[in-house]
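Pasting the structures in now, so scroll down.
Each of the next two complexes has subunit A plus one other chain: subunit B in the first, subunit C in the second.
Right, the complex of A and B next:
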């Protein structure tokens, strides 16, 4: 076959190898066809950044789902005979006194384990809400343009102008009975703008692509064009931003709890524990160290994952 | 007044034996910051079943915009159709609702685009995209649609269709991708296919294969074909008749071989003279002087007058109509027309 115009993105086949390509063109394709997602997955598996972050996140998810597997201690039971000034018993793996006790005699280890759940739920919950609603708004603004775009973009600008944490504090201050869901709602209410902007831009790029015009010329309906042809091509940057933002939502929850505007004192949360620790930071630094360390580790894991996903989804970085 | 009298005024239904597609006095304009760009200024043409019309013209001559207007995929705004009718099976498509037109697209009129790589969705497999035609328009199941997709890939002679149905567009070569585009357009056996420069992105040997395939399938299904191109070579073998466009107007129409033999418009003549020929080896290639007009400021009179060696005063004031072209002795030349005040001088020397 005289076909030499092939521009396949197969890394293993050099572009200049015309005879080999011609042979491949006429014969059955070797190996499995690879979609963008499959390509990205192959890329991810080879990236140590992804492997480390994935293992960490998997571990955190297991801890969040089944905290009782990791500790037998009750995170809310205070035993005042245990003094918080005692050094943590770092040799007592998985024992209640592993990380020492806090000022009310509660096991810091148990609190760190049980606190994972709140952080993960808030992080994932806000990300899901923000991605679905922010993404949908961005898609509408980008695809329909005109008045829709103007209204939605100005609305985005208004919300973008509200300082995230300050805004969340004001919103949460209005609720006296705060639960995880109140916190998620408040953060999502203020945090959707970034995703909307990214999605809008990606949709505008994709909607002018020839394949969208072609799909229209072949009689595809608006919803099919939007969800089947544009969305898969526009979703990559959104996934990246959402993954990285997940870490910041976890930080935001901790910050709010630290300020006393997040969860109530009955809920176990790293931010709340960090708040407690600040009063004793000079004589009992372990009160601060363990919840803060876990928080940093979790955020780091999600940011690393976001970075790895970005590298895998953006062919220009390869 | 009798019933008979009343029906006499009503034009006969165009469907009966009439042309498949009839474009009448079509105007398309785009509202831009620099003013109104008049892309199409009164185009008329017809295409019958089994017939191939080649629309020839340089970039900006309005050939693709006319096609997009027929397909109903013009971006409106900024595009606008201030005037004109597009009859398909005798019905004016410009009067139809969006939903009615969508149902015609793909099912009855399909389009083949210039660049197959960018016209295929990179994240969906070829089989999915081919099958989509059947799922959207005929409501077939995924499995049935896939079987149909394989069948179609076989029809456009893609080797090992069964193995390659799940491949993605980037895994195919340029020629194969264009075959897939043709397969998509053919999927529902439309009555009319519009091919917008289908071979421009391909190298010459592959161009010939793709054109042959297209011509063969057209004969087989007895479809009308509008072939939009700027390549005089592509047209010669495939088309029945040619319409040459310049600045949004048809300047010459003719059966394909007549046009090559005896052009009746100075622009067509200039185009034919600019084809490199073997017997002119070593000589400088002829080029039409000047540039195509800015569509926001089309010259008055004949749009070609600033570039035309034959231009007289009348060319600068009066827009020439499409005159029927006749032999020197007045004998009829079927299907020939020239929008030049001096068509006689052009064709008969």
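Right, the complex of A and C next:
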């Protein structure tokens, strides 16, 4: 009988504990086996997909951390003498009017720059929460088995059945003043199941390995076995799923803001700006184009990173 | 086979109860009083509010309310809306046929185009068409659905005039076409990627070498031997997707003014109509559970080695 509840992600994810390949021509010392991590890193550096996405993500992180380096304009200051129907001045690099103005006379360039922070914080925040908590639950269920596994797996099934975006909408609808942390909490509350399932499967594969038996025979404590022996060998598929999920959390945040259920109007968010743009899309398409473009570019960067990491960690794809 | 299905159906019960309980709690525990919302921005009249709560059983403890709700469900009663006291079942009966149409159109689109693209790319791995499909799927995944919807509406509807920008008749298949394409686009990209990976992996399998060595025509090798063996992960994805398409249609239905479940839910959220939300999600969960069972039964059709005792 097949595992009854597999997700698409699990199917494509590498099975844990790929045998460390013997050193190849480019390896460190001849004959010395390289760890999976070192092997993956060597693989990654040669992948143009990874290099492009890493540069893009580094750039986005810098923009999110220091937006004032890129624009002197205040993203929330509206100047109604600047009309939103005026075409953007595409020659005015890094000037407030580079991408034109929105319907309240705010610089779209400044808003695009400052909006990066929300997307990155939500994406990274949800991913960290989900990976830590979901991963921990998955480890407990996979390692201890028995009653733990039954309870945690049923709980996972239950949460997996709740539609992700819809559930987040219901949770967020209850809060009147929503902050980045409310959005992160709501998305993490509904999104942890995928990581738990992947981690559980990987731990079950790893826990019967000889090195685990050996460690136990040597008297290693449960926590030492779990964190020093099993975790490093089970973490690869989790990293892959988490990287790809990061992009989808960014999309989820902007979708919620677009629907008016994400961040309030005081926060600068691409999704909220796209919502504003819908009323003027016919006469002022630049209101839509720039935030949507940046949003898509950010998601693209993380999806490409996830693809590159998957290729590096999955021995089947070599 | 019969015993397997019976066991799976029994296993569904705790999951179903758990999911409805969670969504029921999410709707009721979180702040915001739907009865107070009847008064809008005005302060509610306490006596009237207490009376309405008593009539609807909303003054009972939460576990009692949940049991009442479950009891109603068993008799096919989804409760009634707080404003207007209309039966939720009637509201859903208006909205679900629209969403099912939309979701089925999106489903057929993503399945046919997605698998075709995936096979084309997987068979010619590393060639131009593979790169093309990969870039296309990356772009489709990166552009959020609501941006895609707005762009499609603007370009095809307003500027070119090929379609009506918003849907006037929600049961008209022609008008639902663009919303369905937009709705199915993201899953299409995932289906294409899954198919491509799976096909590329199976290309090296022993049964492929045998089939080629037997001298079978290439068309038959690909369409029967390769495709059938590569479809299991794709079928798994498609199975969970049919419910996700309906639940995820909130955005698409909003943009194109489709009067489906997404629209119903969005309005219910704004008016804090908990019974409508719980009712719709309950149906989604049922669809998801049944689709999962069907997928597992389909495995046996695709791979005769899988048997259900």
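Rule of thumb we're sticking to: the second predicted complex is superposed on the first by the 285 of 318 C-alpha atoms of A that agree within 3 Å, B and C clash if a C-alpha of one lies under 4 Å from a C-alpha of the other, contacts with A are read in each partner's own complex, and residues count from 1 in each chain.
One rule holds in what follows: contacts are C-beta pairs under 8 Å (C-beta built on N, C-alpha and C of every residue); 3 or more make two chains touch, one makes a residue touch a chain.
Not measured: the values here are computed from a predicted model.
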Which of subunit B and subunit C A:229 touches, first, second, both or neither: first
Partner chain(s) touched by A:154 [first = subunit B, second = subunit C, both, neither]: second
Touched partner set for A:278, first subunit B, second subunit C, both or neither: second
First (subunit B), second (subunit C), both or neither touched by A:169: second
First, second, both or neither for A:258, with subunit B first and subunit C second: second
First, second, both or neither for A:221, with subunit B first and subunit C second: first
Residue contacts with subunit A in the superposition, subunit B compared against subunit C: C
Contact residues common to both interfaces of subunit A (with subunit B and with subunit C): 1-2, 4-8
Residues of subunit C that touch subunit A when the two form their complex: 4, 8, 14-16, 18-19, 22-23, 26-27, 30-32, 138-139, 141-147, 150-151, 154, 158, 190, 194, 197-198, 201, 232-233, 236-237, 240, 243-244, 247-248, 250-251, 254, 265-266, 269, 272, 277, 281, 284-285, 288-289, 292, 296, 299, 306, 308-309
Subunit B-touching residues of subunit A, taken from the complex the two chains share: 1-10, 21, 25-29, 32-37, 209-211, 213-221, 224, 228-229, 232-233
Residue ranges of subunit A in contact with subunit C within the complex: 1-2, 4-8, 11-12, 154-155, 157-159, 161-163, 165-167, 169-171, 173-176, 247, 251, 254-255, 258-259, 261, 274, 277-278, 281-282, 285, 288, 292, 295-297, 299-300, 303-304, 307, 316-317
Residues of subunit B touching subunit A in the complex: 71, 73, 102-107, 110-111, 113, 115, 117-125, 132-133, 136-137, 159-160, 163-164, 166-168, 170-176, 181, 184-185, 202-203, 205-206
